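Paired with chain B in one complex and with chain C in the other, chain A is shared by the two complexes that follow.
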Partner chain A sequence: MPIEIKDLEYTYSQGTPFEHKALKGVNLTIPTGKVIAIIGQTGSGKSTLVQHLNALIKPTKGSIDICGFHITPDTKLKDVKILRKKVGLVFQFPEYQLFEETIEKDIAFGPKNFGVEPEEIQQRIQEILPLVGLDASYLQRSPFELSGGQKRRVAIAGILVQDPEILVLDEPAAGLDPQSAQEMMSLFMRLNRQANKTIILVSHDMEHVLRYCDEVIVMKDGKVKTQMDVHEFFKYPDILREIDINPPGIVQLKEMLQQNGFEIDPDSYSLDELAQSLKGQVASHE
Partner chain B sequence: MEAIELEHLSFSYDGQTDVLKDISLTIPKGSYTAIVGHNGSGKSTLAKLIIGLLEPKSGTIKVLGQTLTDHNLKAVRDHVGIVFQNPDNQFIGSTVADDIAFGLENHCVPTKDMQRIIEESAAKVSMSDYLNAEPTNLSGGQKQRVAIAGILAMSPEIIIFDESTSMLDPQGKASVNEQIRKLNEAKNITILSITHDMEEAAQASNVVVLDQGTIAAIGTPADVFQNDALMSRLRLDLPFGLKAAKAFQAHGIEIDAVMNNAQLVEALCQLK
Partner chain C sequence: MNNIALGRYLPLNTIINKMDPRSKILILLVMMITVFLPAGFIGYVPILIFIATALYFSKLKLTYALRALKPMIWMFIFLLVINVLVMRTGTLLISWGWFKVYSDAFSQTAYIIIRLTLMIILCTVLTATTKPLDLTLGIEKLLKPFEKIGLPAHVIAMMISIALRFIPTLIDETNRIMNAQASRGVDLENGTMTEKIRAVLSLIVPLFVSAFDRADQLADAMEARGYDPSATRTRYKVLKMTNVDYFAMAFALVVFATDLVLCWI
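Up next is the complex of A and B:
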């Protein structure tokens, strides 16, 4: 079942002088089982939108259908408790939210609060550790001894232990060195390909969006500007410039080549494909 | 006189394992040096030693010709500014102007000169319109630029960037990288930048590669990034332009190993 968002509006501090309309009528169908990127400038409504996905905030107007739940302005929070398990929301720098003495206690905190039996929690932890690239030797250590990238994996394990169907991540690779960032993105790919989780990520990094995502949703001024297949989307780099985001290196290179009179296959997104396009147009060995 | 001279420098946090092992390195005045390497290679430790936040186990550190000691540390620091990684951890003032003024006040700069210095420093990092803004309302890239302005107000001869763009989005990175280049080119400030961003390292005059506390390579970006054996052994990323140039070479297109897209397109045009 896809996620259906209808005429969604959200206003912060309604009825006060600080009133601010963050979402101004969002209509979206988000397919499940895919890796979806949500992009847009700061203040475009990305974060407000994703916080609706597990009813962390409720619509001011409109509705969301997700994981069998129908969320409207009248939805009672006690009725959506289960939704919080089905949709795992990971904020930016989730490692700042670690607090327990050991990694094991930190990961177990969520299911313990949901009343899951200790034996079952243990079993789930054993399943999740290898997924996030940690082993059992970590369990009794303090989360504060770990590197930034490892801490973040512990924080994500704390969400995965609830076995969500949908994982929503806000800038999951921000602040990591390139190698840790790549490991983090591979983790989400594994969760998508092997565990069939829907991955929704808010990202500013177009290299990641091009490399890892299936679909792009562009937010602008509280509305959806466009929703497209990734490869289709990067054929129109002007949409990115309009929202002040740099296209990926390969898209910039293709554009520069075209401006200089080269003929480039619009569907080429790898350097090898690009080289094939260029071969007949420049002097080469063959 | 060199900006920074390190001689046989070693350092250990626990007294057992050396994080830096017998490092000797000279950074000429007015140069732009990028230090790259994986987490744990000793990059940030090096920066902390140079500004005297850590003391070497052995070896000497000379900054602008003076050997660093407890006695001259304060005097030396007047010439060296540092911008750290997390933009949120380096604000003191309640407005951008107050924040830039902080260092000036500590150095007893006369009030009558302050306003001018603040305005000039903010203008250099294109933040003139934000002097009365609250730092918390700025984007990450803007915050780092304010941090740079605070340092510029002290007119240092050397600025160290310790992974200053790693928490920024690509736009923020680009704006700070451009600023760094301008400071080096226009103001002739010596730049030492510890970075994971290979696009930034490619714009430096020299690149130093650290690996497990030793210098694995040193040279121009072209020298270092074209050392295939080293780059693959350390699993370091290449600047995109060079990656593309190498891929094209592999397909028999005869171009030089250039560092960026603009150079690449130019080279291809000449082969038309």
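Up next is the complex of A and C:
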């Protein structure tokens, strides 16, 4: 069942001199089972939007239908607690949410809060650990001894163990080295392909968006600017420039080739495909 | 988290905003002592005149200054209850068997409430009209003479400015961690006592960890730029007292002297 967002508005500190309208009427239908990227400049309302998805903040106006829940300005927190289990939200730099003495306890913290049985939690931890690239020897260690990248794996494991249907990730690869970032992204891809989880990704990294996502939602000034299939989207790099984001390298290369008079198949997004397009157009190598 | 009235600087362009922070701090000290002088209720009249003048010139609304009192109402009620139960001096007002209420219970509570209210208004006027950095600069300058007896004036001032600088950062951080833990099923409003304690723990531990992290990084950054607390340095902003400062200090001293006299008669 898709996520339906209707006329969503959100105002911070309403009724004070610090009032700030972050969302100004957002209408979206987000399909499930896909990998969706939400992009936009800082302050465009991305973070505010994703915090609505698990009812961390309630709309000032409008409504959200997600996982069988209908959230309106009058929704009570008590009624939506289970929604937070179904929609796992991983914040930027999630390593800062670790607090338990051992990694095992920290990973178990979420499901325990949602009332999952201890045996089941144990079983899930065993399943999740290899997924995030950790092994059982870590379980009894303190999360504070780990390196930054490992802490992030533990924090993400703490959300995955809740077995969410929808996984919302705010810049999950920020600050990681390229190798770990890639591992992290392929983990999410596996979750999407194998466990059929919906992945919503807030990202500034266009290479990741092009490589891993199915659909793109562009936010600008508290509104949705466009929502498109990812390959369709990167045919119009000017939308990206409008929000001051550089297109991925391959798209830039394509543009340059086109400007120099080469005819390029608009659907080619890999070097091999580009080379294929160019074959025959290059008369000779000098 | 957004209703911290006490201590927020309001960038208004009034003569009180332009006053020297040193004189404002000194005046606050004098007025604080005055508030606690046992001069009876009549002693509050000169203080109130002083406060009215300060509020008038600083263009602050009385309601703004009093906003900080709102959460203290329960404390005041609690104080009154305690005083009614234990106070055994003054005239007897009510007597039901063992339950006796004396007039001092009310007058003592009134004293405490008036004193706290006056203090809060005075402090609000100071912090609302003085930029935090000016305030610490003022403190540093005022503590300077005590350096001779080993008081690290500059270090104290630097600590205060760093603490002030990080208040908004820590509030942001708290909100972020609260949201992150809420996403993991923490519910700060509902649940049993043990659950609530666990919930608060899940908030405090990460907050401390990141605060220590930040402190380490800040210390490194300061050292990397050659920060030396004992170095002599010049100031971009040079403090200078004007006639307004002298007049205000004289006013405060007059109020103090009046109350001192009222103590003896």
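Quick note on the criterion: the second predicted complex is superposed on the first by the 282 of 286 C-alpha atoms of A that agree within 3 Å, B and C clash if a C-alpha of one lies under 4 Å from a C-alpha of the other, contacts with A are read in each partner's own complex, and residues count from 1 in each chain.
The rule is simple: a contact is a pair of C-beta atoms (placed from the backbone, for glycine too) under 8 Å apart; a residue touches a chain by one contact, two chains touch by 3 or more.
Here the structure is a predicted model, which is why all the values come from computation and not from measurement.
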* To do: Could you say whether A:Ile243 touches chain B, chain C, both of them, or neither, answering first, second, both or neither?
  => neither
* To do: Give one of first, second, both or neither to describe whether A:Arg84 is in contact with chain B, with chain C, with both, or with none.
  => second
* To do: May I ask you to decide whether A:Leu56 touches chain B, chain C, both, or neither, giving the answer as first, second, both or neither?
  => second
* Touching A:Met228, do we find chain B (first), chain C (second), both, or neither? -> neither
* Is A:Phe109 contacted by the first partner chain B, the second partner chain C, both or neither? -> second
* Scan A:Gln97 for contacts with chain B and chain C and give back first, second, both or neither. => second
* To do: Check whether A:Gln162 is in contact with chain B, with chain C, with both or with neither, and answer first, second, both or neither.
  => second
* Thinking of the overlay built on chain A, is A:Leu131 touched by chain B (first), by chain C (second), by both, or by neither? -> neither
* **Of chain C and chain B, partner touching more chain A residues** => B
* In the overlay, answer first, second, both or neither for which of chain B and chain C A:Gln179 touches. => first
* **Residues on chain A engaged by chain B in the complex (per definition of touch)** => 42, 147, 171, 174-175, 177-180, 204-206, 244-246, 249-250, 252-253, 256-257, 260-262, 271-272, 274-276, 278-279, 281-286
* **Residue numbers on chain A that touch chain C, as the complex places them** => 13, 16, 18, 51, 54, 56, 77-78, 81, 84-85, 88-89, 91, 94, 96-99, 109-114, 144, 158-159, 162
* **Of chain B, residues touching chain A in the complex** => 38-39, 139, 166-167, 169-171, 174, 196, 235, 237, 240-241, 243-244, 247-248, 250-254, 261-262, 264-265, 268-269, 271-272
* Structure fact -> The residues of chain C that touch chain A in their complex are 2, 173, 176-177, 179-187, 189-190, 201-202, 205-206, 209-210
